[in-house]
């Protein structure tokens, strides 16, 4: 692998990311799957970096999941998105920062469509006006939340307590990065580093001391694929895709996986359990899985936040081995205590996959 | 009683070979099926035994067939076989005449001169002395030819002679030594006693002049005995086993026993009957055109005997039948190949469960083009037109593609697999209620005739059927002044014995010329379905050579009656290649045109 | 295993690093014309068996090349050995001998006692 | 005496210069590089007969001797037409005058890194066909293969017939180059399997089909119909390639010691620049457009400006030489007709 070659490509795919004053659009599913991620992002942005970021309770889905499942027509989607933009405009913001990759892709797609077809934009404005009497300005800057973390990755590293390094050996951790398909596949220039060698997560891993694993199935989909998972009879495709990735990364012995998409960490995390149950196979060391983290969780980890505040207890693949490697202390007995200190119950133990 | 220790090698050898041969005979008979054994029992007490004896004399002793191929070579074989045989008979008579006791030990007549060196005393002794010397000379002339052949085989008309293996070398050396040693032993003894005939006596006196013959005679007798013993003992392991085996072969064959789809005792007799004379090498086109000399029947049978058969050896044969045709022993070589292929392709499994039951149609006449026929559409077209012209109502059975007749699979040794295909075709044929089956493909016809059990139907090659139509007056043919040479397809000619009908047909349309290799000796076009390993280049070479020979007199057409031959020759022939059916169709068209012209003329004349 | 109401589907991808190439090597050795197939499909177009079933000699060659021995075994049994393909092949591939060798390769016997 | 400036010192420029000089014209050959020979000077052996490329260049150079004024390391800055003559200003500030210009500015190889998914410049064992020629010349082939997989892949149509990189045309000579290189690889590395991943094999020239057959028959080169979709590197550093075997109808994954990209032709920077300077027309493929695709293949739309070689599209060496000679004839005819007109 020649890093210079990648650097050359990265230099070709740079995007503008606003410095401050973001209008934050949360993801529909992330709050359930990895509940602490968005909270951590806001905490880091507001408390650690002192940025102005608006977390607006009024906003809705962008319809992305329904759109990609062919359930909602594009016109409807554009009108819903137009309302979200109008909320941003009303709140006095110009920099739109979605938490979800599919939303980010959809916003990019819509903005691109409007740029090439102003008549469609006009029609959508009309639809929005007719249905809600709202008007909007298009965002001046559209950056995915991971773009923003990428932008401030060095400051996080400076402020942080830990690095992605094995504290016993001093070796950098081997980190697999997985980018959501909708991040840059459709519009390579809208993602940091482009579509083939996306840099957004690589930049974080490098800044935080880890070593990136470039494995053959890096480009392959995590397996969500919307209809592949949502229709139960298709789930075989979904899990097979994830399995293909695991099989491909396994020889590299990765310590963790970092993702920037709502669906990817979920499928990469949960399918490890399903595969272990169905085939008796695990991909980490000694019967463990490979911990799958969102970039916010990783940032929180670097910052030294309490692991249970980062929501690791909600992961299927136990994160404890990773915490041990980095040297992050944790209280095993506090794992299943809620915010109020009350016991929230422990999940059933899988048959094959080791959990702690 | 006369005995000397030097006779032991001979005696041991003789006992060994007789026991071995008897054991073999028992084994062969045990490996026959019950029906075949019944044939054997019935045959022994029939006229067939006499026929067999006659054939043994003609073939095993006189080597008539080799004589036909090559007189000098025939003489060589005859002098050895017949001469030796006579030497044994006459030797016995001589011994009996001299010493009329009921039973002699077997070595006594053989070494008669040793035991009775001074024999000028009994009745006819001069006659016997002369006769025995004459026979010895006769044999020695053959042996010298054999020496000569080994070193200069071309002189005997054989371009190639079979290569030897080590047991063969032992046996050959022994055989070559036997008669010169007998000559020496008898001559030395005659030299001591001043006896002997015109050969041994003269030679004996000549040797006595300058050699200590009294010391040399005894060792010479030893050597003679050892040569005989060695020959007998190496016999079963060498090609010379063919000598006794061929006799059994002749009897069994005359009793109606044949090698068949399963290996039986007879197949083994055939294998061991091969004398490795090598005549099959020269007639093989893979030898003459491709200079390939390790696959011919002689080598093939040797591998069967040595149990070292390989796929390659079994599969490298066009099964044109030219070697069977010329084999002096009359071994059914194509069946031998088939048996070998059966074995080497034993693991080959087909699954034809996908085949549907064929659609059938009520008809009297069925026309079947065959797979190859479909690659020569002009033949099909001609047949359709001619049949229509003759007013024949027929069902073109494989108009929309066929199930293969099964012959190619069978040629690969896969009779059971082929049977699956045959079953499908047969059902459709029988369901049609037809009585006449016409095919353009000799390969198909061969298998329809032999394997399909269509006794209720008359099977025709299209050349036969077209001739029948002509005889019935349903088609008219006119003779043109063009020259045609006819190539006999292997499967049609040697395979099915159909030689005359295509010729009769052609003669009614053109001037038919016969090439040098014709009829039973016809060449193969090279397009054989039986050869599984030949490359296209090799095929083309055979086709070019064959076509060149066929067209040496520059005919206008090279006519054949097989789609595979036609297709193969098309790439190689300097003159246009036609199927008989195409000629017939052209003739009909031509006649039609002339008739139309004539009627137009008449009409014009009438109008005027 | 179907534990959750779905199964992990096997990859349709040919993993060339894992397939068994021995049959291709065996056939190349015994029938060198196997190498020169240009996948034109004349054989399949003229095939007698293909009138009745999905059989393609062209594809068979490819399956051998790609080491998909199980598929080869399934397919090869359909051939009737009629030899039309041999006559139409523009490259002179000895089709029938390839079929015979496939059977040989499947069983790996080389010297026979009769 | 008539004056011709030939721009570009590759095969087309050298051949036409020599021919023009033989015909008695005064010829100046301008080449931006410090030596003559163009791309061909980089190649090792040529298709279809494995002849050393050196021979071609040496022979062409020999014919230039003393008859043509060669200006190396020289670029054209501007061209002006005055009174039927072209004033050509060079970067050396020298100004030349010519009665006719012959553009023989050729092609560049498609920059392989633009096909990001093949990882040229990123993966250690992904090289271009041009790199391979250099490796052949240096004799270091064994050093660039790891021996892990004993397999080498050659990808056809890199930067050709590919809308995604904006080149929809066929570069014509890559197919046979791929076959030639496959044979050379098998010769040099007999224990390696060589795979050609192609979309169509276009063996258009004489003996090319023979070469293709030789590659299959003698060298056992494998041809897989399918465009490589992506390359990556596995844990051992092998190149892992994904391709659909379109004839089997199955995707395929294969790891290789070395992946060779047959990069296509694009108009050279010089060709584009000269075209712009003279305001010539370009075809949809961005190569220079001749005045007539059939009858005036060496004429530009400007009087006195002629075209030869790969500046009007991908060409083999033999075709380039033929084209250069054709251009010379056109120039001669142009001078002859001009004389007649003036009289």
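We call the chains A, B, C and D, going by the order they appear; numbering starts again at 1 in every chain.
Methods note: contacts are C-beta pairs under 8 Å (C-beta built on N, C-alpha and C of every residue); 3 or more make two chains touch, one makes a residue touch a chain.
Being a predicted model, the structure only gives us computed values, none of them experimental.
*Asks:* For the chain pairs A-C and B-C, which is connected through the larger number of C-beta pairs in contact?
*Replies:* Counting C-beta pairs in contact, B-C comes out ahead.
*Asks:* Which one of the chains is closest to the middle, using the mean of its C-alpha atoms?
*Replies:* Central chain is C.
*Asks:* In whole angstrom, what separates the CA-based centres of chain B and chain D?
*Replies:* 65
*Asks:* Mind checking the centre-to-centre distance between chain B and chain C? Centres are C-alpha means, answer in whole Å.
*Replies:* The computed centroid separation for chain B versus chain C comes out at 37 Å.
*Asks:* Rounded to a whole Å, what is the gap between the Cα centroids of chain A and chain D?
*Replies:* Here chain A and chain D have centroids separated by 46 Å.
*Asks:* Strictly by the criterion at the top, what is the full list of touching chain pairs?
*Replies:* A-C, A-D, B-C, C-D
*Asks:* Given the complex with chain C, which residues does chain A contribute to the contact?
*Replies:* Where chain A meets chain C, its residues are 232-237, 239-240, 243-244, 274-275, 277-279.
*Asks:* Which residues of chain A touch chain D once you look at their complex with the stated criterion?
*Replies:* 1-2, 4-6, 8-9, 194-197, 214-219, 251-252
*Asks:* Across the complex, what residues on chain C touch chain A?
*Replies:* 1-11
*Asks:* Quick one: which bits of chain D touch chain C in the complex? Just the residue numbers, please.
*Replies:* So the residues of chain D touching chain C come out as 149, 213, 216-217, 220, 222-223, 225, 242, 245, 247-248, 250-255.
*Asks:* Mind pulling up the chain B residues that touch chain C in the complex?
*Replies:* Touch residues, chain B against chain C: 263, 304, 307-312, 314-315, 339-340, 343-345, 347-352, 354-356, 371-372, 374-375, 400-404, 406, 408-409, 412, 414, 421, 527, 529, 532-537, 564, 567.
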